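Just so it is clear, A, B, C, D and E label the chains in written order, and each chain counts residues from 1 on its own.
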């Protein structure tokens, strides 16, 4: 095993960051029912809070260029192949740690209120803690296999949490869909890993340790690297809901809203981005792959945004916007701006979590109603929710000096300026930005403005959520403004962010000072379209106007319906993949296996019995027949001899 | 022979269940409780004894350990020769563990319990013997001895079509093994001709190197009998019938241990004895294995009977094992052995669980269930763990084996490996689909409304297995490190005994040199 | 064609005819009589082959004892006088037997023609000589034969005697 | 001339016992007749004792017409054992079916004596007479249950075919005599020392016809037709006796006379023997599958086993001879035992031989069930039972003699045989019910016999070494 | 001069005829007689050989064969009688209780 670079500092504490949530989860599994909801929930939050504290501590200790490692034990060793169960924290991981534990903590707290009335609460927190554990494994693992373990683990948790309300078929189906689509991605991910190991193995080096990989990737041929990275990216696409594997995410909204916030907005779905950035040294060497990623990212961003324009389910809108934002992140990755991607991941975590929790609060208030057409005018009833929601909406729309503004702008700028970037990519991103602004404000108006379209008894129960739910909202709202200030462009006070991540992404991401003018010019363009989007949203949905319906009726049957039905992608997959597959299996099971294979087997047995029945007729019971055969036998023998002589 | 045994721990291990069986005969059939306790105690003692063997085992060497040799038929060079190494060690443990559990799980068997337990114990001896035998004749004897108890377990205590299933099982298995008998004889004869020493001692026969055209026939004879046992596609059709008809404990043993006989046979006998042939046959076998993986999964998905589904999933899983064996490198083979254990545990557990709802509901049809979680949360949770173990979720045992196998295989045949890897998807599909239809969803069927959750005894059955499932996923080193030397040795045998060097690249082996 | 040969062929012809009668005569009694004739003829052959003692025994034992027994049983059971003839079956049987003879004959025809040494020894086949070898070399078979006959008697009694 | 009676001792012992039993039968009252069985058994025990004492001796007598060697003695043991089991298992049976004890036992003993003579004969005449003694006794035994028309029909068929075969056998002897100028085996093999060119042609025909005779006695296809009918019709113990002792005697004599003394002719009958073996195995197993009567199934199975024995015969050499003898030893207890179990099912006047009669036996009569299971498994060739070990040696000798193809056909056949042997177990354990009012009013002796057979089956299976050594010594004593 | 072959062939023919009788006749008694005929054919062979080889053994054998023949005849007839008791018939082809 090649020794990890000496820069790594061993530090025991790391292992506790993931282990504490795990412990809490285990305790809740076995004793949860006895402890009771409250205790169990408190325990879960405490656990996450604790590891958040630890994360902060580590973050505090972590020198700018340093790496912390914590080797627990050798996990797998076979022949020359060795994998340690080891954790590592560098700048990148540190960021992810804070996001996962921090946001995770807030959402845990929020859930205390949200799940209060659900009798599955204990189970819920057990799952949630387990998720945190696996997510931490994913970001802290010091080798690709460990990352994969976390990768699969979070998949499991999302499966469990999507199907949390198992009584309803749709939820469980959504859960299966999520897991299986992810598996398709993982299939390619595994192949990628295998190819990587094997190719390095041919160089006499069997390892998946990031640090070692980083120092040995140059041994691989470009073609191999391209193939590997492509395979890995498919995995990432599965996890991060990119074209063509995004179909599971919208359905995944079947889970409880905190889950949507934590798993399907803030953390898990960004794992793909994290993985690609973690392996930036590989991807950076594969321009083709980068190009593919950029294109797919942009396409996804655009495509998802268009779908989001028309959705009426409050959570689905957010879901598609998540897909779209993830598209942005991959766009960034694709143009080699890994730190920008992580930056957007970071900011997105705040405002998207905030939005989801807000929507959760709305749904909570409307006792489960999710259709925006049945909402409206809620700002009076839910002030806290409303204001946080506004902030988050501004952030995602990219209104200046909100978090989204900085990160999205950075991405767009990179898309335009970086070596791998192009104007086309920028244009797509630009348009998407506008659509984002539109659908988000559309949502804002439909939900909170105008007069309430909800029916009476819902109105009756309408109430602002308890503090335990609103405080996280407020904190996140604050975050969704200031989180972005870390990464301000050069012409403002400059980016601490890039400095922080620079040592990780050794690819010196050049800043062209000459281009500031262009940058600002582009920025203005972006602001215009964002403004346009907001304005359009206001015209359609802000004022009491039938414009939206006009538009709908005008485009009805045409693009509108297509968008409403998400481009019929699900139907397409069903027709092209699912049906033929199940059909074939069915034929194999019902016909081939039974009739052909087993048929042959039974045929032999039947043959023996049949022969037996036929041949025993020879034994006629007539002694003189016997004698004739006897004689015939003798004659045959004699004849044989005559033949011999 | 017994009289003059230099009495080693392995012989003792073999004897414990046998003695138990004989003791059972002395107990009147009315005292069911006594019968039950006796047999369980004996199986438990056997298990503890095997644990003791594990402690005594020296993980440093790949050679046979605790070897005992007693001349049996000197005139024919046949000895009572037993020994254990890193390959058979854990299979022995698996056997003893599963047998105790299976016996404990036989609580629901009510009639003819005496014979039932008798056969269980005899079966245990047979299986253990097959794993530790180092004399080809002795191995064959044990190999056949296993058949009869299983035949009775299926035929007497089985389901509706039990007789058909039992006969099919025996005939299928014998069809292969009888040819193997001839091959064994032939092999011994050639050895006698060449070296002038007549012996059936495996360790000596290893050194015999026959010309290819002879090897290939012998290999085919061996391979056929093992492939049927595995079962390798397309020799699998006895499996679903046997599994479906067998009583729970029978299925557990059948899936948990008997199937491993086949793969173990390949690794211990077919491959090292006929290296050239093995390498020549590898492409074919790999192809069949991968076809089996996909085919088994696809067919499993469409089964309406849970037991049948699990049975076909076995076909799929064992396909992985075969794939790992025939890539001839450390990772592949080690992964295969590990996968044998995993499959033994997870499938064993699955059959136990299926048996438990069958006892309650007397149905195994998937459509009869749905929404069981509401009634039986513990059951559902346990089933969930086992399900994901058999899907191969990282962190559980299944993943380690599968990954090592794929790792080993990929360096040899990337394409077929990719095909095998689709099993990762398919496994998830059929298992989760089954789980969803049985456990999740609304609890509609009135008959399920009053199902009782698992009682403490049933939980007790499953706890050890689940503990192992998790442990083996989190910390496989204790197992892998003990296998390693034996695997290296076997591999060395195969690759050095070979006249033509293998055409494939063994990432694992070459990596070794500069690896550490 | 020497006189011996002439004699041989006449006797042989008679023998064949009488044995054919045994087989193809549909009346049991006639076949029995034909058999007696055949046995007599064989006895004569024995005489010509310098085995007078055996010839005598042949007449006494066979033609005497055994055939009488046969006739006795025939009378005892007096089965349906004439038995139907089954053309195909008979043809088949005859064909088979013919084939047998055809197969045997080439195997029987000897390579080196053997002279008849017994011809010049006078005492050959005399009762003394027979008795001598019977009671010296073959005394054991002789005893066994007695047992054999004993067995036969027991058997006959067990099988044929009426119920107790 | 020397009169050395020692070599004759075993045969004479049995013969004498037979005579005594016959005489005592006249004086005993009906309620005393059970004594006869014990007297016969005593005689047999004495005989086997003498055989043990004489073991290893090599002693000719009566002008070389008999030659007692270990080979003969080993076979003697087999015959004696078989007839002992037969007598034990028939005690109750013949009472039920009103068969005359005296005649029955004495005939069994005479037949046994005949067999012994067959194998110790060193002269074709003695062999022939021994054979006839055996055959005629068995003809009678077959028909001895006069109330049964099946039995009488069986007797008729057996007798008719037997006599017919005797004709051929005798013809064979005649031709060999004519070719070699002697009936003494020693002199014959002496004659065969000279090159084949010198041999008169008809010695081949002689050997051939002799072979036909043997093939008939062992029930080899296509000379097997009598076997199923006769076994089915005959009283069950007698069927057992036939399938074990008669077959053993025929094989032993075949081995000794054709394969050893006339071995120079061997080259010429290797091929037909192979064909014979293949036909016998395959047809026997195939037809056994579709039988509805266990007894008849056993008859066919005995044909199949004759086939396996033929393989050993073909293989020849030391391994072949050894394995033949061992197989005979292994075959005897399992077959005798199986027939004994069938006997044990029989009721007064009603033989219960159908598969249906075995339904549920395993759980109603565990001992019988277990024993029958053992016998069936052993016959099917499952280790570690006598049948398997026997087959193993036979196939082994075949492979060593270069007859691997025969071995393969052999194993495929034993696969076929599994079908019908397991069916018995299916009946006994897996089918419910069975015939009501089945009283199993069998004498304990029968159970003793079954127990002995079962023990032997297991013992020979697990610890065959001793028996192997015997058979080796026995075979080598031929040279 | 009559050669050995003459006798051998003659006896072969007689043997054949006996065989025919055994096979074709449907009266057990006649069948039995045909068996006797076969045995006699063999006897003829023996005697022929003995005189042409000049060894007495042949004749001795014949003596024994006669004994055997007698024994067989006796038992055979007894069997025939017992069969007749059951069937009132002597036709071997009618006796097919035992078959397959």
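The rule is short, and it goes like this: a contact is a pair of C-beta atoms (placed from the backbone, for glycine too) under 8 Å apart; a residue touches a chain by one contact, two chains touch by 3 or more.
These figures come from a predicted structure and were not determined experimentally.
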Find out how few touching-chain steps suffice to connect chain A with chain E. 1
State which chains count as neighbours of chain A and simultaneously of chain B. D
Set A-C beside A-D; more C-beta pairs touch across A-D
Centroid distance [mean C-alpha coordinates] between chain D and chain B, Å: 43
Once you find the CA centre of chain B and the CA centre of chain C, what distance in Å lies between them? 72
Length of the line joining the C-alpha centres of chain D and chain E, rounded to whole Å: 26
Averaged over CA atoms, how far is the centre of chain C from the centre of chain D? Could you give it in whole Å? 31
Considering chain B alone, which of its residues make contact with at least two other chains? 171
Which chain E residues sit where two or more other chains touch them? 8, 15, 18-19, 22-24, 26, 32, 48, 52-53, 57, 60, 64, 68, 71-72, 75, 78-80, 82, 92, 95, 97-100
Where chain A touches two or more other chains at once, the residues are 605, 616, 619, 621, 623-624, 627-628, 631-632, 634, 638, 641, 645
Please list each pair of chains that are touching. A-B, A-C, A-D, A-E, B-D, C-D, C-E, D-E
The answer for chain C against chain D in the complex is residues 104, 106-112, 136-141, 144-145, 147-148, 150-152, 154-155, 157-159, 163
Contact set on chain A toward chain E in their complex: 616-617, 619-624, 627-628, 631
Residues of chain D that touch chain C when the two form their complex: 1, 8, 15, 22, 62-63, 65-66, 100, 103, 106-107, 110, 113, 117, 123, 125-126, 129-130, 132-133, 136-137, 139-140, 143-144, 146, 155, 175, 200-202, 204-205
Okay, in this complex, where on chain C does chain A touch? 89, 92-93, 96-97, 99-100, 103-104, 106-107
Chain E-touching residues of chain D, taken from the complex the two chains share: 125, 128-129, 132, 136, 139-140, 143, 146, 149-150, 152-157, 159-160, 163-164, 166-167, 170-171, 173-175, 177-178, 181-183, 202, 228-230, 232-233, 290-291
